[in-house]
Amino acid sequence: MVERMLIDGNEAAARGAIVAGCEGYFGYPITPQSEITEYMSREMPRLDRVFCQSQSELGSIYMLFGGAMSGKRSMTSTSGCGFALMAEGISYISASECPCVIVDVARMGPGIGTGGQGGQTDYRFATKAPGHGGHRCIVLAPWSPQETFDQVQEAFHLAEKYGIVVIVLSDFITGRMAEPVDLKTLDFGPRIAPRVVICGTGKKNGQKAMPNTGSGAAYHLKQREKYRKIADAETRYETYLAEDANFLIAAYGSSARMAKSAVDLARAEGLKVGLFRPISVWPFPTKELREVALQAGEVLVVEDSIGEFLDDVELALQGRVPLHLLGAWGRHDETGGGIIHQERILQEVKSLV
Amino acid sequence: MVERMLIDGNEAAARGAIVAGCEGYFGYPITPQSEITEYMSREMPRLDRVFCQSQSELGSIYMLFGGAMSGKRSMTSTSGCGFALMAEGISYISASECPCVIVDVARMGPGIGTGGQGGQTDYRFATKAPGHGGHRCIVLAPWSPQETFDQVQEAFHLAEKYGIVVIVLSDFITGRMAEPVDLKTLDFGPRIAPRVVICGTGKKNGQKAMPNTGSGAAYHLKQREKYRKIADAETRYETYLAEDANFLIAAYGSSARMAKSAVDLARAEGLKVGLFRPISVWPFPTKELREVALQAGEVLVVEDSIGEFLDDVELALQGRVPLHLLGAWGRHDETGGGIIHQERILQEVKSLV
Amino acid sequence: MVERMLIDGNEAAARGAIVAGCEGYFGYPITPQSEITEYMSREMPRLDRVFCQSQSELGSIYMLFGGAMSGKRSMTSTSGCGFALMAEGISYISASECPCVIVDVARMGPGIGTGGQGGQTDYRFATKAPGHGGHRCIVLAPWSPQETFDQVQEAFHLAEKYGIVVIVLSDFITGRMAEPVDLKTLDFGPRIAPRVVICGTGKKNGQKAMPNTGSGAAYHLKQREKYRKIADAETRYETYLAEDANFLIAAYGSSARMAKSAVDLARAEGLKVGLFRPISVWPFPTKELREVALQAGEVLVVEDSIGEFLDDVELALQGRVPLHLLGAWGRHDETGGGIIHQERILQEVKSLV
Amino acid sequence: MVERMLIDGNEAAARGAIVAGCEGYFGYPITPQSEITEYMSREMPRLDRVFCQSQSELGSIYMLFGGAMSGKRSMTSTSGCGFALMAEGISYISASECPCVIVDVARMGPGIGTGGQGGQTDYRFATKAPGHGGHRCIVLAPWSPQETFDQVQEAFHLAEKYGIVVIVLSDFITGRMAEPVDLKTLDFGPRIAPRVVICGTGKKNGQKAMPNTGSGAAYHLKQREKYRKIADAETRYETYLAEDANFLIAAYGSSARMAKSAVDLARAEGLKVGLFRPISVWPFPTKELREVALQAGEVLVVEDSIGEFLDDVELALQGRVPLHLLGAWGRHDETGGGIIHQERILQEVKSLV
């Protein structure tokens, strides 16, 4: 029987890592994800696994690389500024194709931003360019503690399956919101042996003695093929009441939670509104969204920023469907806090329909 | 009379900064841009201006912030890994709206990549997400030493006009290629007084005593308006033999140089090929490219990566025109070096036409 | 039955720490002590204890502080430059009275010095001023792998007994010389509960929630009393054929090994030469040396530097006995390498007698 | 005519550096010396000289090295923790024999200590072991703003004369006490050309292209000779009413100021008390103090610590004269603040006489 427990998204991320067999956690506290670091600092040693608080996020990312290079499932978690400090390291790891997991619980940026409140402004950094070099990371965007728990588990699997960095892009609300979570360990089959392992000098069991860290055209061609495979196999999304909808809301993460409630409110008033929620934001469900959107005929993007997720929706829609944005100005408090509530979304829908 | 001198793109960047009145340069050597740092280390002190070699690129970016906050025209230059190390700082500066100039002479990434050869893999990082937070930097992409010299000058003007970070995105070939350059100081009118200046305690002349470094919804709404103004006023591009073309090459930077030669070769063979070159890559000339591309009917993107610039072209084309890519695999040497030569581009064009 | 094994001084230091119950090792490789770091990196995880390689020696010393503050037996090891980088941290730890153990395997300094050869130039730094603030560390100076093994064990005991940093001051020769070592775990009675432990907020079991890191006059008075107790109880030395000697050699560490052989050579020639070897160099056996030296009537200091240990001997002798120095110039190779051999010492003795 | 101005010791240090032709100042603010950093930040640029605030004291010391290696008169200033962070750098510089000046305005240590109050606990670190390696720095200890102004000037001269680091060891009271200062530029003759200058590749004008940073026996023998010359030529001290004294106070820096007043008070009561004040604390006036002390017959050391300066006095006295210490416990406030007042010293004298 699966244990069910009331926990928030941050604890879910930590617990997900532990049941997934994460053997090394390296992190530095930063709001609103410090609960993950705290949980791991307490639980990892109890399990005879490695917890190390770094000197800064620079240390975290390079220790993460070290952990992964040693063949162990390794993770860090961070937010905003800390995530940006990892840019060079993420790029470096990507050159090596080492499997690593990063949980980013987004806070409002740029700069130090506002740690204590919502915001979805890490989207473009995570999905487009976490570091120089044109590499890609798989980016999963949970909208609940349960999904956070599950995605962190899957992140380790995907990281090893493809030799890639996987980012679980949570946010303030998802991280701090508590809900009942089924603590079920997911089964992704036998663990894929890491292909890149430091093993002193020479090769061992066909493994490389040193990871690749340079990156020429051959590297890029290999990635191109890999990215295609990932796009084919790992694109995730879900719809809600979209089948008969004549108006579609597109949203991810905590904004999608609010949007789903707005759909319910709209339906209660007889409005045929539906929701499209990407679960993987890279790879992005471009074709899937296009199809659903063309059917609905009009799209409203809801995101707690001024248009980052919007770019991907626009690329999907190809100008063939009217596209609107309800961004950070939809918050009930523009001075830095707040959230875009379901009523505000409904109001926007009504003004457009 | 304007002095004319044979210099490479890196020296052109340094000289451009000096004639633009750059009063503080902060940098750390990294191939292939170290010539800029060297030039500044020698010339800035001679002019009683500040040169400071930082402990690392982390130091560079925060010193750049300090220089800009003091109301002085300030610049750094870097490449690849160094650029990524600046991510948090660029984000931090963007939150403050301090005017700063960064010259990035791209090398192949990700990771340490290959410093001694070409590559255009900093595109996505520079144009989409130099740091967390969803902010934007103006990104200019020179294709010659002359344009580098001119754009660096304009970069200081634009940075102050909009309160933004301006990136001059050069690359290995443009930086190391020598051509005659007219050393003409450009006139952008009277300098715009910096709005953000550290002046001890309290306000002075309407200036803020401390820059803003937090960023709530109000900040983002202000940026949204600013970004629109920039897109309206500062979008730059040029075309070459595109008027009657039935096949269009889209390229930027050094790849556009090769593409232009390929257009000449194609025209010599009677093929109606044209070129579209964005000069500003953010803001991107989306509508302008769409118009030219629709007229030509088919587009080939040439870029020395596996599809970063391609994303922006795809967004412009909206699926309405066949789109092809000649990427890093077009190099004559896939092991890490090389360049996509004009003959290779011509060959690709012919295979498509 | 005690296990006996042929190991060098560095391995002896690592093994000593492990049998003493060291639960956390934090270090950064530096010649000639890297064998300790390597050994600990391999063995500590096997024992479910903490090994962490730091970003630099700055990281090592502050992690050591963290380990000690958590109530665990903690150690670092280093040499020369790395030891100097720890100065502020050692001072900081000393203000807190946290028990810590540092093994310094001296290399020639100052600066980067010569890592691959002998030298006893860390003496003054270790015994007089490892950091600002006038605090003291207990400094033990082994002259063999066996003594290294034993002293590292005792170091943990002394550190906790007095709430002090204990330095085991080995050197290149002692660290790299292999001899049979009895791997006997020493018994110092029940472990003394650490008085300074981070335990969240508030006090627990009479322990402080936060270590003291300030240091006023009250702190210094407390230390003064502590230092007196240590001097009374922990001063260690040994003599060799000193009873009837009319000429005394004073030396510590590897130089004392050579000096002992020189004594044997001298005795074989009928010269009444003896040896005085401080085992603790802080506290220094001042009175004990004075007594032995007054009886012998003449003293030769042998040390592989130009007079650091000499200062302490001079303070002991009070100008009442002729004092000579055979320093680094006694090496068979003045260009940076070498060692002061027994024949050279004998020659010096003969020229003085 | 010499300008006379009421300034404190910190401003005197900064002004002394400027009139001495200091061309580069590199520092990081720390109480109680931040006034020096502030003054230099304002005045150096006005004079077209270099001011650079470092990222931390680690940066300061290595930039100081860089400035000195370029042949320019260079200085840093710091206190307590910052001084300790420089240990490796001071050692490194000493290996190169580059001339550098460090002003240390002591605060109470160890650790972060108490920045806002007195304390003379940097004595042992400065005079015995500022870094590993057994090198020496000349250490001058001013007791007034005037002497600070003069000694900083002389420090540059001595640093170049001997190729050594010169430390001006001020303290909280001397640094913050304001007195009229004659702002006279001292004349030490023509500047001695720096022997160690980075000049690209190869040698120039007999200068080395790269400083020596290794250190073998040959280096140490050279230093030994140098240290002897310095001891012969640069030992400084002064006495006050010591000729007929039958009780001698030995003190340095601000404690000597208090002691001098105590001597006046004692004399007013008919007590034949005198003062011996070392001005250079390395080299220490060992023989001079011995002579004066033997004549007086009894010595009281006054220092705001628990016995660092005492060691040097003890070495001088050779146990031939009764020796007492009035240390930090003589402060009117043992909790961390205070100063050892003249009345307290007088009381101690009376209790001993």
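So that you can tell them apart, the chains are marked A, B, C and D in the order they are listed, and the count of residues begins at 1 in each.
The definition used in the following text is that contacts are C-beta pairs under 8 Å (C-beta built on N, C-alpha and C of every residue); 3 or more make two chains touch, one makes a residue touch a chain.
Because the structure is predicted, anything quoted here is derived from the model rather than measured.
The minimum number of touch steps linking chain A to chain D comes to 2. Each chain's centre was taken as the mean of its CA atoms, and the one lying most distant from chain A is D.
Chain B and chain C have centres, each the mean of its CA atoms, that are 57 Å apart. Separating the CA-averaged centres of chain A and chain C is a span of 51 Å.
With centres defined as mean CA coordinates, chain B is found 29 Å away from chain A.
In chain C, no residue touches at least two other chains. Chain contact topology: the protein chains form a single closed ring, every chain touching exactly two others.
All chain pairs in contact, by the document's touch criterion: A-B, A-C, B-D, C-D. By the touch criterion stated above, chain C contacts chain D in their complex at residues 58, 80-81, 83-85, 87-88, 91-96, 106, 108-114, 117, 121-125, 128-135, 213-218, 220-221, 223-224, 305-308, 311, 314-315, 318-320, 327-329, 331, 333-338. Partner chain C is touched in their complex by these residues of chain A: 48, 52, 55, 59, 62.
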